[in-house]
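For reference, chains read A, B, C and D in written order, and residue numbers begin at 1 within each chain.
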């Protein structure tokens, strides 16, 4: 790829990095409006991160070097992904972005977070980790399957930057059952992976219901800031993956400014729509009982499997 | 003497031997049993003589003599001596009971005839059914060993098996090479002596010659 | 040939128990170095071969080091070397000359099995491997019962292997293995299917194929650590190499084994899932690792059977990718599994505890150990950029490759991906659990509170192995070039064929993870700016002081998953009874269903049959004579009638 | 040329006499060892002579590769036995079980036993052969009943009774063969000499030969220990003095096998495959029965006896298949089994004398207290259950190979499964004796006289398992041709 496109790819990655807190803020704001609350401004997440970044750090005496290392690992894994996933322009900066690597880097993130949860030696961390792990057993395969289904649909292999272009080229003929099923399964995965309602409630610290927050419990100051930022970034990444891998129409295929503007508009619109959906879900549904979560996850797994199979049956 | 008579004689002797082993199955007295055995051996010797006469190979005479010496005279003596030495009570005690063992031996005799029936054609011998008869005697002897429990009775059963065998040897194949026959006789003698010795040992260690007591070695 | 002199010298040295302490180990190390040199030597001189002048019953003993065996030998010898050094460190040489001698023998046997060029030599050395491992496994305790099971099961496998090789020898007509190829044409459809199945199952008994895995957990838990290490790495390498050679080199993947390959795929998937499931609930680290070996080897066998499927469905050139994946994963497995086992063994030795319920907090106390263990865990859980990820990535690639095949087979794609995904996730769970409860949190027992210091000899080989794990993960592609050449040479493909043209999409782990590294450094630097020193305080305890009992237990950790997959586990008997002080105790007992419902009843049945037959030995002479009479009469009757 | 057969037999007989009459008791066992060494040397020389310039055939002798194979095996076993007996009897003498008279008696019996067995394998007349086999029974009966206690007497009684019955039935078979042969050749023409018989074999009456073979296989099979006629075997082996058990198992059974092989060669010419079928049937029966008994028995010597039954079964199967490979393998198995089984009996003897019991549940912790014996027993066990690199494995593998190549897949599978069962039973019994902790204080009965033969036998088993020199191969193949009916 040429220098221009690489510069653009770099720029869009930076854009993603920059907008991640904003996306979270937007979702929170929408939610508040749906619940007839005023709610904090959309820039609130930036302020929170800044505050946390300024604060001093307190670490548990039972925690080791790993505990201090984990925030860096999580944050940088997500940032790396930001360079692997296209948003505005159908090229990525990271050399040879690969779908399988992408999924496994998400696993890395989860793994690190779980270990961090176990570090404190308190009941909460362990509980959060164990629940996270229970969910991941079903999340990971469906994530893998749904992404591979799209890859197989395009026939372009596991190269990320190829997929949007190929899908666009296929036009509406791509909108077959495979894509629909895969997208549906991916949507469920998104909600579960990012710990939103009905799987988990990001805004509570009630011991019995929380999953992700329980693992963050021991972090503070900059460590917490990094963790929080990483999870915001993860949400954004998932959303932009839906926008570019499953419904890429509108993405800029060439580096011409017009296309790029169109792409920017398109991704913004998609993000807003997704944010609306998530906010709606969180407003109308209540959190599930823990042991009913697997049922929903199994549904997403089966959906993704069907997506794959439908590719060969139909 | 011409072969007709020889044939009849051999047949008669053979049948007599079978009869004797049936009788010894039927008897319940040790002394009687040994007497029957020596009588059977006598018939064997006589038959050997006759077939030697008829076929004219003379070394069967020697065989007849040896049989007479060993089986009619020495072995019965030795058995009686052993019995006297280890004072066995006179009854033959059986596992199956006399009628049962008689029926069984009748079945075995039929089996012997049935088995040897296709072989009859393959001899130009003086007699056709001697093979069947010898097989029957062997079977009956073995049956006696299976159904009688005293050490001495088992020895007699073994000896009767050998008689049946020699019946076959004489009648079917005019005896064997002399050396072999003598060796066989030697072995028989030795076997009986050794069996006697061990019967004596059994009696000494178990105070009985009832081999039904020998049941220590098993899984 | 000079290369292997030390190997057999070392093997011989063990025979003299009077030899000074440590001499056998030293000799073994020498021979290991010689073994490591195998691959470089191969690159320099090409095939190395040698023949012993003394004839055996089947031809002359000969060895041939071609590319695949050279690679496997080098890797295995490297692992072996590390193990020997670790042995020296952890004072296992105190086990006495017999043990170290057996170590030498095992090395010789494994090396010979990998490079044997004569069918008898191969069979002999393979069985010798089983015997050595059996004799080395005498750990006492729970292992004893498992040893017999191990020996019997592996002997069963050995018989299957013997049968397979005999039939192949029959077809080939020559005992020289290097002259065997494409025997399926001679064996005929049925014959080649039978031979392939026998090979697969036979080696499967060593690799823990369901249901032959019954020996694994107990043996791993009972045997000395180094035995387990060698068993699960070096022996498995030999098994995989021989399996692939046998299936693709000797028999050849013709269309006749197509149906079989489906069954083998199914069997391997079942094994992988079972291993992943069972590893979730084990309490002893070594048991967890036993099941994880089972799972990893099942993935290897899955790749092998996939390759069979591709080859038999008429596109042999595709089979190079799965074969490469299989080889790569075997290599990786031998690296990270040996590392993990050594770490666990060292931890057990220094804490004196064998249950993860009684460990914890070691990361604070044994820092270097925890770092190496983390590398091993990450590789086990296929976390990028470690080598476990590289091989799983290659496996997924070979799955994607099925896309290009006829519709019948491309079905494999979704299922295979699903199995891989679930196995990977479960593996991640159980290794997170393993590492988290061994090294993190607060110590759960006095032993873990103050572990004994670990010697440098012990740490050095582990550090080397950790580095190797990372290196292979980063340099996956160049490594795969070598391996795929080997795979192609076995599968009889033209030497030019590389796995690369079958990769879908382009992926350069080195570049990607370099970028990742840059980012990591950047993040670290940024967050160091004007940073206040961290304050250390107690864990947040909601105001009630934490005791070790309030820590999340490993059983509790896996409880949600057990709830999800409840029906698949054996009977989990939950007993609650009142203690002396009226307190409630609650425990969950898992029993391996295959042992409980298959092997134990089998043994009982055999015992009953034996007793039934045993009755004929009544001890009564009359009945013995009666047997003779009956047999005689009945046989005579039979002859007369028929 | 020197008359080797006479030399061999003579040396053996003389040794027996010397042992019986030696003036000073200290000279007895050296004399016996030297004597059996001479015998072995003569046997080997005979083997070489036969190997170079064909079968020896004069006077009463007919000696071909088969004969030399068996006689060398017998001679080697008896040498090992007389070496081991030195240590074994020395122990009993110290225990006060044994008197000088008993020792003379023992050695004389052992050597005459050996002499008779050697005669069995070298005479040409089947009749003489039969006589010699009966003689082995009569002589060894005394050895079996050597310790005159209850069990020994019982064992000896069963042994002599059952074997005499069997041998009588064998004589019936012999008689029938002779009858049909003399029908062809006319009497007085040495119609019992094996070469002569073989020459005329194809003309013999098939019906008759069938019945004859049934009698011969059942009769000699009783002596060889084929199930269900094997019943005497465990008793005799367990009650005899251990060296004698080794001799019974490693030499005597081979003699009976040899007799069967000679008959089989004759009958195959007239009714091909019939005797093979019989042998295979009894072989599988023995294998199955032995597997069961090995699992349930608790007496170590009985277990070894049953394993002899098992191996006789495998050999019977191998000979029964009747292909060159299978016969080759079975013959190899004869040698391998003799070496290995003798080794096992010796190590069992050490264990029994050390622990004072034959009950395997009472023998524990040998590995710690008796390293040499336990290592020998371990390797012997692995060898006898067919683990490479020992020779039994090669034999079984060749038989298996022959079965597969003859297309007898079912039989091959059955063989493999039964061998596996035996393996399980054996391992289950033996290795607990080695591992574990000894209840009482025991010490290794040492001594060169014990160690040397065991090491020797292990070496033989190992070497034969690893290598097959051309001379050995030629020897076995000539024996195989003899079995398959070449004169």
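Just so we're on the same page, a residue touches a chain if its C-beta (ideal position, glycine included) is under 8 Å from a C-beta of that chain, and two chains touch if they have at least 3 such contacts.
Here the structure is a predicted model, which means the values were calculated and not measured.
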Least hop count linking chain B to chain D through chains in contact: 1
Per Cα centroids, the chain farthest from chain B: A
Top chain pair, ranked by number of contacting C-beta pairs: A-C
Rounded Å distance between chain A and chain B, as computed from the means of their C-alpha atoms: 101
Mean-CA-position distance for chain C and chain A (Å): 36
Separation of chain C from chain D, taking each centre as the mean of its C-alpha atoms, in whole Å: 43
Chain A and chain D: spacing of chain centres that average the CA atoms, whole Å: 78
Residues of chain B engaged with two or more neighbouring chains: 115, 118, 142, 145, 154, 211, 214, 216-217, 219
Where chain A touches two or more other chains at once, by residue number: none
Chain D, residues touching no fewer than two other chains: 157-158, 161, 165, 169, 211, 234, 293, 296
In contact (per the touch rule at the top): chain pairs: A-C, B-C, B-D, C-D
Of chain D, residues touching chain C in the complex: 157-158, 161-162, 165-166, 169, 210-211, 214-215, 218, 222, 228-229, 231-232, 234, 278, 288-289, 291-293, 295-296, 332, 378, 382, 387-389, 393-394, 397-398, 400-401, 404-405, 412, 416, 419-421, 423-425, 427-428, 431, 435, 465-470, 473
Parts of chain C lying in touch with chain B, wherever the complex brings them together: 614-615, 617-623, 625-626, 628-629, 632-633, 636-637, 639-640
Footprint of chain C on chain A - complex, ascending: 53, 56-66, 68, 71-73, 75-77, 79-80, 83-84, 94-101, 104-105, 107-108, 110-111, 114-115, 118-127, 129-131, 133-134, 136-145, 148, 151-152, 155-160, 162, 217-218, 221-222, 225-226, 290-291, 294, 301, 305, 308-309, 312
Chain B residues within the chain D interface of the complex: 57, 115-116, 118-119, 122-124, 135, 138, 142, 145, 151, 154, 158, 161-162, 165, 168-169, 172-177, 179-180, 183-184, 186-187, 190-191, 194-195, 198, 201-202, 205-206, 211, 214, 216-217, 219
Footprint of chain C on chain B - complex, ascending: 95, 108, 111, 114-115, 117-118, 139, 142-143, 145-147, 149, 154, 211-212, 214-219
